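Shared chain: chain A. Partners: chain B in the first complex, chain C in the second.
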Partner chain A sequence: MTLVKTSPAAAPARTAPKPRSRRGRAERRPRVLLAVTGLFFALLYLPIAVVALFSFNSRKSLTVFGGFSLRWYRAFAHDDVLLSSLGTSLRISLVAMAGSVVLGVALALGLVRCRTRLGSLAGLVMLVPLITPEIVTGVASMLLFKGLGVALSTTTVMLSEITFSISYVTVVLRSRVAALNPEVEEAAMDLGATRWQAVRLVTLPALLPAVLASAVLIFALVFDDFVLAYFTTGVDPQPLSVRIYSAIRFGVQPTINAVGTLMLAGSVCLIALALFIPRLFGRRGGLDILSGE
Partner chain B sequence: MDATDAIPAVRLDGVSKQFADSYAVHDLDLDIEAGHFFSLLGPSGCGKTTSLRMIGGFTDPTEGSVLLAGEDVTGLPPNKRNVNTVFQSYALFDHLSIADNIAFGLKRKGVDRAETHKRVAEMLDLVQLGGLADRMPRTLSGGQRQRVALARALVNRPAVLLLDEPLAALDLKLRRQMQVELKQIQREVGITFVFVTHDQDEALTMSDRIAVLNAGRVEQCGTPEDIYEHPASRFVASFMGTSNLMTGTYRAGEVALDQGPALPVGRRSGITDGTAVSVSVRPEKIWLSDFEQDMPVLSGVIRETVYSGPTTTYLIEIAPGVTLSVLEQNTARARMEDRWSGGETVEFGWRPEHCLVLA
Partner chain C sequence: MALLRPSSRSRRRKADSRGNRMWVWFMLPGTLWMTGFLIASLILVAVLAVGTTDELGNPRFGFDLAGVRALADPAYTEVMLRSLGYALLTCLICLLIAYPVAYTIALYGGRYKNALIAAIVVPFFANYLVRMYGWSVVLSDDGPVLRALRATGLADGDTKILNTGVGVIAGLVYGFVVFMIIPLYAALERLDVSLIEAGRDLYGGPVRTFLFVTLPATRQGAAAGLVLVFLPAMGDFVSAQLMGGPDQIMIGNLIQDKFFQGQNWPLGSALTMLLMLVLLLGMFGYLRRTRKDEAEARR
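== the complex of A and B ==
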């Protein structure tokens, strides 16, 4: 861009063309990016969009859209088998969420504070479930329960899901725990709190945003999980994902589209919630302690 | 200082803290009188924070005992000790409002709500944060957070307040202001303050007594004036303010410098002839004119003149490689024509008592 050479008088003229060329490039750049981004989202969401669209189909066809109707949602609302599976899945997710959050937070606290060789070994072992193929975890869990003579049921699904989810919670929480100022817990003890009170009143509240975010994450992961549930569930109340899989083997019912769309809506809400949680804690006033705990 | 047999608020009795193979604190004996503003002063790593943490109960001594008001509290957890701490990082509870932060200790003690409200309000007034009760800690400035930390500790009316370099994170101007304020608050509440700092100015201006620590041991313990005017060791002389430190050999009321002239120092008891000693003269204790009758007067060459507003510092070479720093006040009485410039030979002297011989 050496149109004008080093005359000081011409300096303003030299700066003038620059913004134009920058603007020109700025106009060209997004076109490629937009195309790539558009393609990406199309590939990612078109199948889901089709499911959502056909859940509102008035016909039974899975290829021809006949018109808008809530027929399949009504069918789902009257399908006792699917409804009981939905209940089972919700129960499994809630229990797995609670269990893995409690254990995962405890593990994160322990891993950060326990600086022995055994502690760092535990930290590494903790990561193994994250890289183990889920099918291996599933088969292994099933074999374990069989070997112990435990009948597969909703409880065995819950236990497996908790085991599998602890790592996620710990990974999310670990860096947060490490970032805590150790003087804060000491300050609580200095002001009369016991060690446990210090953890409960100061450390856990400081970790709350991360704890809630990981809880939401675990709920969504477990609710959607198929592989582990498939290997560890019993026969009668089956988790929703397993039930849908069995149903599809005997021909796809449009009801499944309705169920899928509802699950999608639920997941979107949970993700939005997980993103929103930290903001909730950004600004907060009030007299929490004065108004009683 | 009326009663020497009064029970000290804090007593460290032969306290040591050993980490792996080194001592952070070594055989420390310290009495801190009730109601005093007491400073633990020393460079980083001298064991002052470790000592404070042992008083607070965050670290247990490996040897010796910690006594609070005559009672042995060694091994008791922090929540069982009648002391509170202002941490260097302030360590405020970010999820609680300012009022709740301050109320935290009272709540733990089961103080009723009306009383809690009253005492929190009093504290907020004391530290001049009246309107900020409902604000969250992260919305406050560093100075305000510091005050909250102070209020949160003081509201519990501890017998002793421990402060771990509480002003270190503040800028210079705010720090000066907080020094004055902290001292006022201490006088107002009458609580014993144990103040850890590495800043000798801070210790001098605020303390009733100072313990200078070095490498886990007490070098000297006394009033600010004691410590500054009569340093007991070479370390204290060089750590507290600036000193002209020279080494030499003592012989019959004189110290023959290793390099340079013999300085008349007067007879000293306890030092035998031929002992290698250090000599210390404060720059502001050296006279450049109007000498008194029995003053030893020497001469040297001015090598450097450093003007810094209220004072001027001269660097005077008294022998090859030996320079003294001399501080002159630029008061109204000082006459401009009396100023010396580089290269001039001047006479200088001091009162014999200001030339300290340190073994």
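== the complex of A and C ==
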């Protein structure tokens, strides 16, 4: 409701009657816009703050704060089911990261440099996951495994997550590869390097920061992914986000606050790391790694 | 390639075709993987939509239109139309929220621009479920939002957000508004501020300047944002589950139900295909629109 309310509040900023002087207008406009933006940020962070705050609650309530306590973190540390899910999620993320980065980097290089019909076809195939909602990908993956007679397990989650992540890695790296000057590779070859040596010794090192950054991001994305994991996981062990889903469907679960807070903190650290990696190499770090632009 | 001198062209061309072969080998594993796992599985969904299942719930191929015919059931039509309505409203609300926010950051953000956009994007990459769970707590009957609304007299004791359509849409907006902010911000960043000043100098009021200068210049960003929000909003089932009640279910919940509880896989596949169809129509409309825009821009 409040979210809806913010937008009409913005309209008067633009439809305000013409002020007397240009200066007055320049000062008036931002004030309303700033208020809207401030409210947006408040509502954006409020749910996250609530989860984090009540994870330290000594009581089993989400509305009354009884005092500071690490009770729910201790409960998590002693919950074998949640801990095994955490291990499963970490393993899935690592495998998906390794697989999709190797396949995705090769695909991005090939897509940019290869000018054949297969190249444009591969470009189209790669775009499919981006225009398919996750529930469709999830249903499709599940049916594929069932159709092949493969029992759903951690392995099937890994395979599906790789499929989805390849296109992400490819989209992000494609623009980086395109920005490289192919003549540097040619120069290496003129100096006696083979094609493969030129790629290995010249192109890949130049792409390293972007590759590392996208690897970290894929790890975070796969770890946090829920829909695809939900459709392709077996009964036991389940990834952490699937466990969280079953828990929050049935009301207040203070342990989930603790797990959720740890997961939020973990993802934020990973994303910050991904943004920071290019700077370690003396490149301009930036948000473009998130959007692939 | 065009920069190459003519003398070296034939040598290069030979090297190119050999190089092409290597790049094909680079592409092959990824492309095969995607084709095998994704394209094949999407085709399987289409095939199973006209198939059946055996007693154990395993898919059986065949030709049986029961699943497709069941889509005409008014109960399903209602859910489909509701999902469409929720998704479109979500798009509209996201646009209305994202525009002033992106505008403020792009034009008044100064040197904090990147930090502010990062502050919006980073939480969206954090766990979707945990965020939605936190949002459902915030919007709950004695959560901070309703308390604030009651204190200001905008809501009375009976007003609820959870278990209503408003709650589901609020969830979808919270989940996907970032997909509207990023393209809008990119478009507004590119916008030449002197265009707005020129509009004012030509005696356009703030409204007219906005309508005839700012808005058209950022139309493509808005269109991209609408598509990016519409796609996940239409397929979402978490928001309806956490924020809505049984009367607010969306097509995603139906699909989930057919595969997990109902075990009616052909019907589930048919619903999935229907969802894909709606989204492809949306994509098609968007692509035609942008192509027209590009053609006009070239003229």
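Odds and ends about this structure:
Quick note on the criterion: the second predicted complex is superposed on the first by the 244 of 293 C-alpha atoms of A that agree within 3 Å, B and C clash if a C-alpha of one lies under 4 Å from a C-alpha of the other, contacts with A are read in each partner's own complex, and residues count from 1 in each chain.
What we mean here is this: contacts are C-beta pairs under 8 Å (C-beta built on N, C-alpha and C of every residue); 3 or more make two chains touch, one makes a residue touch a chain.
All of these numbers come straight from a predicted model, not from anything done at the bench.
With both structures placed on the common chain, the touch criterion links A:166 to chain C but leaves chain B unconnected.
When both complexes are overlaid on chain A, the residue A:197 reaches chain B alone and has no touch with chain C. Of the two partner chains, chain B is the only one touched by A:205; chain C is not.
When the two complexes are overlaid on their common chain A, residue A:256 makes contact with chain C while staying clear of chain B. Touch criterion met: A:184 reaches chain B, while chain C stays clear of it. Applying the stated contact rule after C-alpha superposition, one finds that A:224 touches chain C and leaves chain B untouched. The wider contact with chain A, measured as residues touched, comes from C rather than the other of chain B and chain C. Contacts of chain A with chain B, set against its contacts with chain C after fitting on chain A, overlap at residues 189, 195, 286-287, 290. Residues 56-58, 77-79, 83-85, 87-89, 91-97, 99-100, 103-105, 107-109, 113, 116-117, 134-136, 152-153, 156 of chain B are the ones touching chain A in the complex. Within the complex, the chain A residues that touch chain B are 181, 183-184, 186-195, 197, 201-202, 205-206, 208, 281, 283-290. Taken together, the chain C residues at the contact with chain A in this complex read 15, 18-20, 22-31, 33-35, 37-42, 44-45, 48, 58-59, 93, 96-97, 99-101, 103-105, 108, 114, 117-123, 125-131, 133-135, 137-138, 140, 142-145, 148-149, 155, 161, 166, 169-170, 173-174, 182, 186, 200, 205-207, 210, 231-232, 234-238, 241-242, 252, 255-256, 259, 265, 268-269, 272, 275-276, 279-280, 283.
Of all the residues in chain A, the ones that touch chain C in their complex are 1-4, 6-8, 10, 13-16, 18, 22, 25, 29-30, 33-34, 36-37, 40-41, 43-48, 50-51, 54, 62-63, 103-104, 106-107, 109-111, 113-116, 118-119, 121-122, 125-126, 128-129, 131-137, 139-144, 146-147, 159-160, 162-163, 166-167, 170, 189, 195-196, 217, 220-221, 224, 226, 231, 241, 244-245, 248-249, 256, 260, 263-264, 267-268, 271-272, 275, 286-287, 290-291, 293.
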